[in-house]
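Chain naming follows the written order as A, B, C, D, E and F, and within any one chain the residues start at number 1.
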Amino acid sequence: MTLLIQDEYPEKLFRDDGKRLDGRDPFELRPIKMEVDVIKNADGSAYIEWGNNKIFASVYGPREVHPHHLAKPDRGILRVFYRMATFSVFDRKRPAPGRREKEISMIISDCLEPVLFLELYPGTSFEIFIEVVDADGGTRCASTTVAALALADAGVPMRSLVTSCAVGKIGGQLVTDLSGIEDKAGEADLPTAITWFNDELSLLQFDGQISQSELEKCLDMAKDALDKIYSMQLDALKRKYIKIQEDAENQGGATEE
Amino acid sequence: MTLLIQDEYPEKLFRDDGKRLDGRDPFELRPIKMEVDVIKNADGSAYIEWGNNKIFASVYGPREVHPHHLAKPDRGILRVFYRMATFSVFDRKRPAPGRREKEISMIISDCLEPVLFLELYPGTSFEIFIEVVDADGGTRCASTTVAALALADAGVPMRSLVTSCAVGKIGGQLVTDLSGIEDKAGEADLPTAITWFNDELSLLQFDGQISQSELEKCLDMAKDALDKIYSMQLDALKRKYIKIQEDAENQGGATEE
Amino acid sequence: MTLLIQDEYPEKLFRDDGKRLDGRDPFELRPIKMEVDVIKNADGSAYIEWGNNKIFASVYGPREVHPHHLAKPDRGILRVFYRMATFSVFDRKRPAPGRREKEISMIISDCLEPVLFLELYPGTSFEIFIEVVDADGGTRCASTTVAALALADAGVPMRSLVTSCAVGKIGGQLVTDLSGIEDKAGEADLPTAITWFNDELSLLQFDGQISQSELEKCLDMAKDALDKIYSMQLDALKRKYIKIQEDAENQGGATEE
Amino acid sequence: MMDIKRVISTIEKGYIEENLKKEKRVDGRGLWDYREFDIKTNTIAAAEGSADVLLGDTRILTGIKYDIGEPFPDTPDEGVCTIMAELLPLASPLFERGPPDQQAIELARVVDRGIRHADCVQTKKLCIEPQKAVYILFVDMYVINHSGNMIDCGGVGSLAALISSHIPEGRWTENGPEWTGGYITGKDIIKELPLPITYGKIGDCIFLDPSLPEQLVCEGFLTISVSSSDITSIQKSGVATFTPEEVKMLSKKAFEIADDLRNKLDLWQYATQIE
Amino acid sequence: MMDIKRVISTIEKGYIEENLKKEKRVDGRGLWDYREFDIKTNTIAAAEGSADVLLGDTRILTGIKYDIGEPFPDTPDEGVCTIMAELLPLASPLFERGPPDQQAIELARVVDRGIRHADCVQTKKLCIEPQKAVYILFVDMYVINHSGNMIDCGGVGSLAALISSHIPEGRWTENGPEWTGGYITGKDIIKELPLPITYGKIGDCIFLDPSLPEQLVCEGFLTISVSSSDITSIQKSGVATFTPEEVKMLSKKAFEIADDLRNKLDLWQYATQIE
Amino acid sequence: MMDIKRVISTIEKGYIEENLKKEKRVDGRGLWDYREFDIKTNTIAAAEGSADVLLGDTRILTGIKYDIGEPFPDTPDEGVCTIMAELLPLASPLFERGPPDQQAIELARVVDRGIRHADCVQTKKLCIEPQKAVYILFVDMYVINHSGNMIDCGGVGSLAALISSHIPEGRWTENGPEWTGGYITGKDIIKELPLPITYGKIGDCIFLDPSLPEQLVCEGFLTISVSSSDITSIQKSGVATFTPEEVKMLSKKAFEIADDLRNKLDLWQYATQIE
């Protein structure tokens, strides 16, 4: 039956004062909070709030591969499982994972793998589980960003962190970090990710309609945004070590951890 | 499309003479018939008619575990597969096993396992297949009772038999052994099972609304019913051995079985 | 929603001049074209156009069995996968393989296996993939015929070729090689296949209503049709070797392939 | 004694073959003899018809259920009858759990085919209101013990269950189908009694009604379903091949065997009487 | 320190059992003590209600969604409330990917059963128009960290999420259901607050709220759901057996423990205020 | 000769890389050359349009089918066009049986995305009656032989099949949609011709249209779909990374390559003429 409330798109995506509907300037990011070590059972974990997105990631590995036949004799494998909770979106999502979730899982995996030294872990797997519990546009970028943090939290050797952010075009204007409503009502969304060890793009997707010059501008905007998010990732990792240190100090001189 | 005949509940569950709709007294069991060794191919088997319930059970094992990875190196495993035939209920059941069937399978397994010496059968499995071909309330109890018989028929060493029966509350009154209509129209159903080697309850489930004192009374009623059914189980097993003996005698003195 | 155009059956299956709707005489085959070695990646392959039927077959093997537990220690196994493309029929077929496709796969497998020396290939499998991309009646026969060619193209040792053709009854008359419309609107369809090494039938199916004498007549008609198709199969194989020879000659004397 | 619980050994295989060459069978039957049939009907209270059929030790329990649905557009005044089979893992160590495998699908299909074209189920009697509401009959076979030749056992079981059926009679009203209070019975629904006749083949020996040990040795099978006058279905399975002459002979024989069996079983005795 | 990341070792098992015999627990609790509960509600913007509940280190995030559908014919003026659970592989190395396993099904079912018969969800308040349109509420539990006793954690989480809910209010019009502009809140929907109380059993020792190490050692569990006056559900799981006397005693205790917990948690504080 | 039937060996890998460093390819092409395209249309009688496309030895057969359905509420006057791909195990030892895997999903999605935002399929022409009935077009790609770069082959195949299509024209009547006797053809439905342009990357070498041996060695791929004026889709796959400058350069190049290809293939020649 038709739902009571339609999920309707606004007619305009910019306010009269030129700001975006949520009050942001065109190149401004939504508020982002990150925290590592949030799931005790995991080898590494992290949590991100990025606008209304709320996402958990946890890492297990290196560990035995199930099912066994997926194991590779000469290297480890990375498996990413991106999932959305039923209640994370306007219309309840069906519980079984859909094609979109599998596709995004593969994209995130391809995006993170370049920073790992999988050749050092033959026959094993690293598994990253990502659960989007509240979604509001840009979940693949937020998920990539939080997954990289969880890998770092797990102490997995990495060439560098990975950071991800989307840029795009709404109401004819190029903007950074599209919200859910901007993504749906806008013209184009271009998620990117960067592997900092070589400053190259490890995620690049696009759907919509843009010109060559717009693409070039978008890539420049993305770089600025990625820089900002990267420093937040580093802060989140630092806070963990500060906390560990403080906890140790608080326990007095006799700690031997 | 709507079915021609609605499966409607009666307004009253007791007749004017105080008897239940099928003529039973509150604490009276439905008629029960049991027979062992009914499926030639099985290592052990049994059949029960309990009111309108008709249920087959067969046991295979100890045998190799499929799939292999379920095998446990230090003990055998018990696997129970409870299924209902499509035609065993008012509205045709879909052929694929549903959640309810899987759940009841686990409950019966938990209920029977305490009497087995699984530690003596490392790396192997015992499999019990239960097929309800006609259902009329209380199938999990009847299935547990007939499965225990099939295990005994298979000659699997057991600490004791297991017997199961439900008690409950209908029309405000506590009764033993609810029929299908009583289960659906009544207030509460409490299936129990007993492991005779320690006289403890190995199955206990309840849905409904009862007070503490009603629960206590129910448990006492269950014990009486379980005693009666136990003796029927023993009779069924005895009949098999009498039959074997008679068959042997009928073949004359030269039998060496 | 109802489709715009109904797939309706004609009232009569014979024209006034006694010919069938597509102009054939009762015992006449539809035009048949065959070609081998059409799929480079396969160990052997073939393509058939039989009336409007268009079917590819490819063979892989002997190769390792996946999943492993299907392997037999004392012989090879033959696995046939018959599939229809979504667009091969009037109403789009669902992409997932249906029961009909699995059933026909088994029938074709049973039909081809007698000519193979599977006992010489313990622990391995031969896999035949058949894809019907355009269907117009008699696909199981055309598939069997093209699959046998693909096996020969793969160089798999065979006791003989296998050839398949249907006969049947339409508008009260016995005919050879029913088209799609004749199969649907006719009374009976009798697919047959022959293993030439012993001149016996390795496929025989029938649905409909025929008398004993009609069956006998049908089997005779089938033999005539099978003879004709067999010679076309041999021609297709010959053309391949002629082509190989010509290619070699065209490359001049210096070829050492 | 033959152990039917495991795949047949080479010695047993040789023994069965040796005997067959002398036209003997290990259970003493002649080449064209059936094992005993034993039929009970209406054993299942929840079903609208049922039959519990033994063929030797092979036992199949068949139940009838119904639903009401819209007819297919091209047969607006005909109901539908579908046949399903489950090979319960309860019934044999050879049966595996999981969705119906090839063997189960084949059992259902071969039984179904024998019936479908034989003027057996009177689908027009299964119509409540043309274009609006027809009966969908479900004939579901459950194999309780597998000792060979499930097809012929299931064929008899399906007919017996259908004959024993008693389905609430509906009439069409503004509010959809409504119960008249009466019943449609097997006598209304069923006309011809087609029977599947299954032969096994080992080497050059062909014989009726393979028992499980024989079935495990067979290279292939031929099932020919016949009504009183017509062949209604043929199904070859397995890797055996048959000469055209063998097929002609076995078809002829199928008519004789089916006639005998129909007389002997007298399936109409199982029709439900609704007073 | 106990390593919860792997199946418990024999030594740890012995240590836990040894302590329990002395009525001591490895984390210092008494036999009938809960770990700490910590509750946050309405944390999920996209949900119509949500609760993030910690019981010790066990963490379950529960969200409420709704749909509008036709009522069941036999309850034409009642909405429906369904409960689902996912054991995220994120939450524990013990959880596997794939469709919900037995443990997830059990979690959902036991929580559901405790609620269903307890006069908790007022299904008649979930009706928009009898026979036409009712609400279907989805209560979906996601286990974020598993440190034992998911059932009691999920039970509290489901109630808190339901109480926190705020569902667009519909009225029936010719064109189907239409939003009134108002909301139905948890205060309208929820009445009784039944709680599942879960005991573990190791040998002869029984205790409340098993932590994960204890749970891995337990032979079985007994969950008794109680409202203020009634037992609404009992579920024994695992291979432990209980004497009738133990069951009677644990049921009595469940009433006391639930009363305490209801007072302490004061779940009504999480009701959403719509001004 | 390169054996494409098995996963590439280290020696072959080295050979391919060595050549690429010298801007040479093992099949003699330049870095920005396509293999030959060969296109046949309307080869499938049962389809409403079809194309059999070879790109080198990669062969994809694409067929068009349609259905009539209700439009989505938010686009009441637009039909729908869905794209599916099957990697037939027939086509390569690298393809496995079973439900569509990641590679098949990616093929369908990337082709679909290139088309979706490009003003290619005129979905308003696929409307029979607003809010009532629209066409659902199915563009189904079957890979018959896999020799690398299925995406560009499938992109051309989808356009050619759509252009070749001829769909019974419907008009709305009281009884639902009815055939007018005429047809809607590719010329009515299709406007822009966006093409996916796929590059492979090995180390620092980037090149157009990877053949299968090259594809097996590649670390990653970049597909850029372009219409005459716009980029309509970008998809990076695999573990390669690209500098922003590389992306800018490859995008520019995609416009040139696509323009050339559109001229050369002249896809409009495949439009069906209905007299």
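Just so it is clear, a residue touches a chain if its C-beta (ideal position, glycine included) is under 8 Å from a C-beta of that chain, and two chains touch if they have at least 3 such contacts.
The shown structure was predicted, so the numbers you read here are calculated from the model rather than taken from an experiment.
The minimal number of chain-to-chain contact steps leading from subunit A to subunit D is 3. Here the chain-to-chain distance from subunit E to subunit F, counted in touching steps, is 2. Shared contact partners of subunit B and subunit F: not a single chain qualifies.
Summarising the inter-chain layout, the chain whose CA centre lies farthest from the centre of subunit E is C. Over half of the residue-numbered contact pairs at C-D are shared with one candidate from B-E, A-E or C-F, namely B-E. A centroid comparison over C-alpha atoms places B as the chain most distant from subunit F.
The chain pair with the larger count of C-beta pairs in contact, out of C-D and C-F, is C-F. In whole angstrom, the spacing between the mean C-alpha positions of subunit D and subunit F is 50. Work out the mean CA point of subunit A and of subunit F, and you get 29 Å between them. Averaged C-alpha coordinates give centres for subunit A and subunit C that are 52 Å from one another. A straight line joining the Cα centres of subunit B and subunit D is 31 Å long.
Shared interface positions of subunit A, defined as residues touching 2 or more other chains, are 2. Among the residues of subunit F, none is in touch with two or more other chains. Chain contacts in this assembly form a single closed ring in which each chain touches exactly two others.
Tracing the ring of inter-chain contacts outward from subunit B, first into subunit E, gives the chain sequence B, E, A, F, C, D. Listed in rising order, the residues of subunit F touching subunit C in the complex are 4-5, 43-47, 50, 57, 61, 63-70, 84, 86, 88-93, 96-97, 99-100, 133, 138, 140, 142, 144-147, 168, 170, 176-179. Those residues of subunit C that touch subunit F in the shared complex are 1-5, 39-42, 45, 52, 54, 56-58, 60, 63, 66, 81, 83, 85-90, 92, 95-96, 127, 129-131, 133-136. Of all residues in subunit B, those touching subunit E in their complex are 2, 99, 102-103, 106-107, 110, 113-114, 188, 190, 195, 198-212, 215-216, 219-220, 223. Residues of subunit F touching subunit A in their complex: 73, 102, 105-106, 109, 113, 116-118, 220, 222, 227, 229-244, 247-248, 251-252, 255.
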